[in-house]
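Shared between the two complexes below is subunit A, which has subunit B as its partner in the first and subunit C in the second.
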Partner chain A sequence: MQSLGISVLFKGMNMQRLFDGLLVTAKIAFISIVIGSFLGIVLGVIWTSKSKWIRSVCRIYLEVFRIIPILVWLFIMYFGVTTALNLHVSGEITSIIVFTLWGAAEMGDIVRGALESLPKHQIESGKAIGLSFWGLYRYILIPQAIRRMLPGAINLATRMVKTTSLVVLIGVIDVIKVGQQIIEFSRLEVPTASFWVYGFVFILYFIICYPLSMLAKRLENKWNG
Partner chain B sequence: MDKGSNEVLLEIMGLHKEYDGITALENINLSIKKGEVVVALGPSGCGKSTLLRCLNGLESIQGGDIKFRNKSLINKDVNWQEIRQHIGMVFQSYDLFPHMTVMENILLGPIKVQKRNKFEVMEQAKQLLDRVGLLERLNSYPRQLSGGQKQRIAIVRALCMNPDIMLFDEVTASLDPEMVREVLEVILGLAKQGMTMVIVTHEMSFAQAVADKIVFIDKGSICEISEPDVFFTNPETERAKHFLNIFQY
Partner chain C sequence: MNLNWQFIMDSLPLYREAGWTTLKLGFLGILISLIIGFVCSIVLYFKVKVLKSIVQVYIELSRNTPLLIQLFFLYFGLTKLGIALSENACAIIGLSFLGGSYMAEAYRSGLEAISKTQIESGLSIGLNKAQLVRYVIFPQAFSVSMPSLGANCIFLLKETSIVGAISVVDLMNITKDLIGMYYQTFEALFMLVAVYVVIILPLSLLLTWLERKVRYAEFGN
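Then we have the complex of A and B:
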């Protein structure tokens, strides 16, 4: 009877719908990771400032995102901020905003750590050949920091991909929601539907996250080789 | 080449430097003429490296003046990026940029800072690499080189900016003994070509061979400025005598 179970994936538009859901998940994750990483690098550079004030503000920003669960952030943004400001923002946009802010905070911390781990001499040698502040970051510090922060950054990216599963709760139809709908619909007909659908969803997440890990490994080998 | 010229390139007048209220350098007066090789000697922690770092703007100073080509460097408007292109510096820890090849290390300053023509700089870089015997390593990464090789590349990197003066901050101090010579020979070669240099070192016989002028620094101030032959055979001050005795067994 098992062949009957797996057939649920190919019934009607099911496969198409699951991939559409995956696209939503991937889109939210991808946009947030790209913008968040960029903002995170900027934040990380600012964070290495000598000013205690600036450092504290950066730390508070990070802690606020670490302490408050992402789900709560999604609710605050989707239900709280939008009604308070009388805006209409879709769940998808809200998700991208929350994930970007979170990604920037975590990425900023990773970048800060990587920058601070670089030997001081690198800065002095860069200065000694006349590099400006920005030249120093652009040619010397950030390229080296990126190599050091890669494991942490990839880890963050996969965490972000996985955490997108929360967006269902503010009404975004992502791959998991589609899966649930399919299961609900075919539960009587195919009692094992949840096994097949969730199993398939598992594979889909794997398809997104595994290449990230592979990419990290390849870059690391390239830079160390 | 320019030996004997009277043009003063760098002039230090009454320099005073302190870290959090602790005096590191006091009333330093020294002038460096074009083509001159000045070697600063002194016990560890005497301030000789600090002095060198002040000359390149890596340390701020609290009093006195430093003039480079008759222009004061003690001024808020001083553009250190511009000045540092004329004052090359090589450090103890041969800080090549590890993510770049030898050639990229050398080209970075001339191309990105000085905006010079890449082809022309590459030609110059190759000549300089050839001179230090490392032409075949131009595509290597720093991790593939020995300490002595890295330090020679660091010297080439500084030279390729066409500086007017070179500062060497204990460039052999972290090298294995057998690699010290290859680096010192490069510096000696530069001296013969008339490069103006300020060298901080602990290599006494090298100092004697390369210097036009020995500056002996102790406890943050200059004790003695002598010709090398005089300094090593018959130093004027007791402190210098004591210092030289330490090196004899």
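Then we have the complex of A and C:
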């Protein structure tokens, strides 16, 4: 007798294994978001510089990530750079590097946009009362800019979480790979396994991303409205 | 790093064909997304009963899940329930499913940006509803949503890089094959990047230009 398809999710250690896979995905996303945001803030501050050269270098850095798909970057890092430098780097490290660099570029753009949207008199007043460069950023610009950039930053985080699904294509054992293993293993007993497993992973991603995008939307309405 | 130019020349036809596949899938996906998005945003704007909640659920589902999973579900999951689709059909459906919600949001931001006074002024000078939509609402909404529509087009075109995972013979797929079969890693990656730049850079420049062109319709310019 054929068992009910959905039971494949609960058989043996399957559920446990799927969550272990999810943890790998989450770890990659978390590390890249944290480091990427930090680098992005630094980049964003540099980007507001008056020098044309610095601005164009930042711009080119961002455009390079905007024009070439992230999956291509993963390939370049995983196959190209490792071969060129004769290194062996795991898929996990590769994806963390790519996502961090990409996150920094996008975050830099968000921070730049937020800083430049602040009225000029804020900077001038700050300078007029004798604040140093750091004081100006620490007490005047950053607190105001955070409000303007937070919705965008959260949306970026959601995008990065969604993009971590690509790591399976460079051989990382993430939640999708575990799902594929389960499907392979139960091919004969549960022919509909792929429907249930992929459906389950679909819902998992939704459960992670939906609250984040709701939060971004609410903050946007609250602060801009 | 010395590139093997002979190999690059030999693989050129492969990349050309795969590039066309990417363009075709991307073009169809974008076109259908634009239509789905337009319909969804109209439903949301006029607050059509029942349909409105369906559209909202669709938008949230499609925006908060990765394309790769959507494709796997379509391609491997649904076949098990007896709905067998070719990989190209799956790719187009997946892209449209994802893109539709992004386009809907873009149109919506445009429609919401039109102030009430614009509509009231239009009515007060005696425009009927069709004229109001044609001469007042549409040009302004379009010019506001144009930048996000353009960004979505590029986003979708880039997302086509994922369809190789469901065995569509696209750029990623042949690159992986060439690396696996001939170990010509740099040549294959070089061609991959070159083709993407050739496809996306002109589009990106075109959209920037177009954006400036339609800006005239914005109120106050």
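The rule is short, and it goes like this: the second predicted complex is superposed on the first by the 207 of 225 C-alpha atoms of A that agree within 3 Å, B and C clash if a C-alpha of one lies under 4 Å from a C-alpha of the other, contacts with A are read in each partner's own complex, and residues count from 1 in each chain.
We adopt the following convention: a contact is a pair of C-beta atoms (placed from the backbone, for glycine too) under 8 Å apart; a residue touches a chain by one contact, two chains touch by 3 or more.
The shown structure was predicted, so the numbers you read here are calculated from the model rather than taken from an experiment.
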#### Entry: Per-residue contact with subunit A, leading partner among subunit C and subunit B
C
### Task
Examine A:Phe19 and indicate which partner it touches, taking first as subunit B and second as subunit C; both and neither are also allowed.
neither
### Query
Does subunit B (first) or subunit C (second) touch A:Ser132, or do both, or does neither?
first
### Query
So, does A:Thr158 touch the first partner subunit B, the second partner subunit C, both, or neither?
second
### Message
Looking at A:Trp223, would you say it contacts subunit B, subunit C, both, or neither? Reply first, second, both or neither.
### Response
first
### Query
If you stack the two complexes on chain A, which partner ends up touching A:Val201: first (subunit B), second (subunit C), both, or neither?
second
### Query
Can A:Ile76 be said to touch subunit B (first), subunit C (second), both, or neither?
second
### Summary
On subunit A, the footprints of subunit B and subunit C overlap at residues none
### Task
Over in the complex, which subunit A residues touch subunit C? Could you list them?
66-72, 75-76, 79-80, 83-84, 158, 162-163, 165-166, 168-169, 176, 183, 191-199, 201-202, 205-206, 209-210, 213
### Query
subunit B touches which residues of subunit A in the complex?
119, 121-122, 124-132, 135, 139-140, 143-144, 147, 223
### Task
Sort out for me which residues of subunit B touch subunit A in the complex.
56-58, 80-82, 84-85, 88-89, 91, 93, 95-99, 108-109, 112-114, 154, 157-158, 161
### Task
Quick one: which bits of subunit C touch subunit A in the complex? Just the residue numbers, please.
1, 60-61, 63-66, 68-70, 72-73, 76-81, 154, 158-159, 161-162, 165, 172, 175-176, 179, 185-186, 189, 192-193, 196-197, 200-201, 204
